[in-house]
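You will see two complexes here that share chain A, one where it goes with chain B and one where it goes with chain C.
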Partner chain A sequence: MPRPPSPSIPEKEFLFSSLKESLRLDGRQPLETRTPILTFGPDLGWVECAMGKTRVLAQVDAKMVKPPPERPLEGMITIHSEVSPMAGTEYEPGRPSDEEVNLTRMLDKVLRRSDAIDKESLCVLAGQRVWHLRLTIHCLSDSGNMLDCACLAGIVAFKHFRRPEVEVVGDEVIVHHPSERAPVPLSMHHTPFCFTFAYFPDTDTAPVIDPSYMEQRISAGLISIALNAQKELCVIQKAGGVPLSEEQVLAAIDIAVNKAVALDKLVTKRLEEDWKGRKVEVR
Partner chain B sequence: MSSRVEILNDGGYRSDGRRQYELRDISIDLSPRGTADGSALITHGLTEVMVDVFGPKEAKSRGQSVHDRATVSVEVGIMPFSTGERRKRNRGDKRVLELAASIRQTFEPIIQTSLYPRSEISIFVHILQQDGGLLPASINATTLALLTAGIPLTDYVTAMTCGVHSTTSLLDLTILEENDLPHLTVASLPRTGKVTLVTMETRLHAERVTECLKIAGEAGKILHKEMKKAVEARTQKLAQAMEMAPKVAVVGGGSGGVGDVEMEDEMDT
Partner chain C sequence: MATTFILPGERVRAQHVNLKLGPGLLQHAENDQDTKIISTKAGELQHSANNSKWWIEGNSKRYIPAPQESVVGVVTARSGDGWRVDIGSAHPAYLDGLAFEGATKRNKPNLKVGSLLYARVSLAHKDMEPELECFDAQTHKAEGFGELKGGFMVRCSLKMCRLLLNPNHFLLPLLGSRFPLEAATGLNGRVWVSSKETKHIIAISRCIESVDPDGGGMDEAGVHQFLGTLDI
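Our next item is the complex of A and B:
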């Protein structure tokens, strides 16, 4: 496997020295995220999230399946994530790299294992029919911090998605077409958002949130924190990298708490705007 | 989430009879095994992990070697007999890959890799029995195996899990507790008190994390003592064995030969 080309020495030195003065190449403050741009597609559950030049496409679809015997009362959720070679030069098809494994695992933890979606509400007929939600995440371009972007795209796609209304008469399940009955949104317990901080080898340099591609490459350690607007942490992931003191970890959590509240507002606003301009029900 | 087991009973005891902050029995075996340069077997209660370290040695393929430091590669094998239900996890399993990646990323900054340019240090983690705390046990065992291999580290790495049951925190969870409680795994450096690895997978209020981090850090210091004791005992044995060696040479080769001087020279360098 070819290693991705590392940034050249002058490039690194320039970045380190500018970061030391709390200057970032894209003019952001160290603790300022890029404002995500959410674009909704023609279908429900089709979301494109762009943070700067990082772009991720998420799509949700649902179909009815027979549940596995060990969990007859729960719906199923699967997440397919794919980093196409188009996203950046270091990605290539074949055996997934560490970064891709991390992305898939984090998506799984943030979106599925954090119980964001009420799986029991996806059950239609116990032991017979449940909804199987499939979230497909396509990473279109990587300009740093793809994880946060993918998590955001995924969770917004779930929020945007609406499943067809169903009716159970005896043992028969009737699925209503959207033109007959309005599709219903998924029942969700909470909305987790992920925030990534990058730390640098020089301990005097302040950490940055939402690192750009270069910042991520020269960083000596990342910490990803997923949490919801209710201050509940869902995932903390700091796998190695530069050692941090307890205070630094807690400081990062504090910042993430505030960012989550702001991001939650933005997402709610965008979803409302989209819903107003959309005509789903035909009456 | 309905729990079938009582996590903490009214008397303040856990399902296996431990107190809130009580750790499970730890046993450490540093005896050499096979051709590995360093190996360690650690048990935390019923969790048993064996780690073998090979290297520093020439990198397997030229493409993997880095010109100014050693590369660290980690492979994790979860034995099919390690759990109740016998299940074979293939090597491509994402969970296993993630475990390996976490161990590698934890140790890369701790090992003084710059001392061994263009070489490779391979770490093989074998999980023999699992009863909760897989990642911490693997990290502790890896630290010990690296030490027995004589690879310079900047510090010990000690890891521990800390769970939260309603408002009380528990240390060193078994698999029963791990399935029911939100828990935090913390790997810390006992000398500086800094943390290198923090992972958490379940929902937990932000205010509980502070306490967890602190308690897990304390537990790390206790572990450090145990690990240090084991390493020192091993080194003492080695030192004794080395003291024996020249005596034998003197008896065999007469008094004050040239060979002895050469031996000392070698020791100095």
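Our next item is the complex of A and C:
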């Protein structure tokens, strides 16, 4: 199937003119994000994140493996992300599109290489047994800004997940079933969130945060900023050719800092609510 | 009659001397004597009052072309004497250069790549790419088809655009009573709307999205209230 056409001429003209008046199609302000809706599944580590009509499902599972000899003291984390044609007609199975490659790389940077999870705490028996965490990201529907949605789903899934309690007696590892002993949450250093800004070819048009599908398609460049609520910057990635000055980048970071604090509160609140609704039997 | 929900592959007991099958139904012959009617999509089974016309009404996001349906498409390329048009189906549709009102070999409309079109599906066959036309095949008059200039294209679910085509549906008359607007509803989940002011087009787009059974599924009273909150 051929690549989808870029938005039609009337659509482009209308969007550029409305964005110039600072009007967005979904009624948001230029610097207003969609409120993410987090839904937790029956299992721990199963999270669905919806931002408008963009929906991403994230799931974490853990397995015990032998660590590679060069890193005997660290657990392993792998991220599987695939964008199937379910997300939108422009995605093809098999051949990863540019957006998909970008999504995979950003997820790796934001969730794994930012050291959000304490890998040493995943070590059970040095050189013998470590936990291998596997995060699977399913993109269910793309309505713009899938990256931020996937990052949020992924990090919340890690926070929601609990691994079984283990006990080491001499050289023997005993894994306790969740019904025997309460599973333990992962030890996390921080919680990075990703925010994407879209810039438009016309320099008079103000940038927008959390672009919708159409805004993303007509934008001249995107900048993705990953940071945590403690104002520690993790990743900045700029895609597209639009030149940005230092002030513009710093302004975007300032906005992202405030958004991260608000988002962190929301995530903590939702996780607490879900945890209260869960009955964990400990015998 | 109670509504019957049906799944793809299910047998439909539709019988009439002059039976007409609509979208979602397929006549399947195993041998000469035994022909049966099976469904090809999920939804509600519907039939006309005298049981001669049967069709399935469901909701989906991907369009499957069917003959005589009006669609909104985007020109993606020139090919030969015509254009390739994206109508949201699995394959691009072909629009012949002569399929316009008053078009001749010398005098053809000039469509650019990226133009929006309102057209009718003239051929939809499972083994061939769909074909479009921009006139009425009998009268050769435009009948409102052709290039759409200005305005904006709203995407919605297939159920929503069928609702909008229903003259008894409340949404377009309600919006029309607030401000002047133009609309061209395609059955492929695309609605072209135009109005003088940007905020009016945004209001139409948001109303269609909130009434869409795939999204909010708002009713008439809800839209009244929603329009009150918008700055129009």
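Throughout what follows, the second predicted complex is superposed on the first by the 279 of 283 C-alpha atoms of A that agree within 3 Å, B and C clash if a C-alpha of one lies under 4 Å from a C-alpha of the other, contacts with A are read in each partner's own complex, and residues count from 1 in each chain.
By our rule, contacts are C-beta pairs under 8 Å (C-beta built on N, C-alpha and C of every residue); 3 or more make two chains touch, one makes a residue touch a chain.
Since the model is a prediction, treat every value here as computed from it, not as a measurement.
Aligning the shared chain A places chain B and chain C next to each other free of steric conflict.
Within the superposed three-chain model, A:238 lies in touch with chain B and out of touch with chain C [touch as defined at top].
Of the two partner chains, chain B is the only one that A:250 touches; chain C does not reach it.
When the shared chain is aligned, chain C comes close enough to touch A:53, but chain B does not.
If you count the residues of chain A touched by chain B and by chain C, you find the higher number for B.
Using the contact criterion defined above for the overlaid structures, shared-chain residue A:89 touches chain C, although it does not reach chain B. In the superposed pair of complexes, A:136 makes contact with neither chain B nor chain C. Contact with neither chain B nor chain C is seen for A:121 once the two complexes are overlaid on the shared chain.
Of the two partner chains, chain C is the only one that A:14 touches; chain B does not reach it.
Taken over all C-alpha pairs, chain B and chain C come no nearer than 8 Å in the superposed arrangement.
Annotation: chain A residues 1-2 touch chain B in one complex and chain C in the other. Chain C meets chain A in the complex at residues 62, 74-76, 86, 88, 90-92, 112-116, 148-153, 192, 198-199, 201-202, 205-206, 209, 215, 230. Interface residues of chain A, counted against chain B in their complex, comprise 1-3, 95-96, 98, 101-102, 104-105, 108-109, 113-115, 190, 220-221, 223, 227, 231-246, 249-250, 253-254, 257. Residues 1-2, 4-15, 17-18, 21, 23-27, 53, 89 of chain A are the ones touching chain C in the complex.
Note for the complex: chain B touches chain A at residues 63, 92, 94-95, 97-98, 101-102, 104-109, 184, 189, 192-207, 209-210, 213-214, 217.
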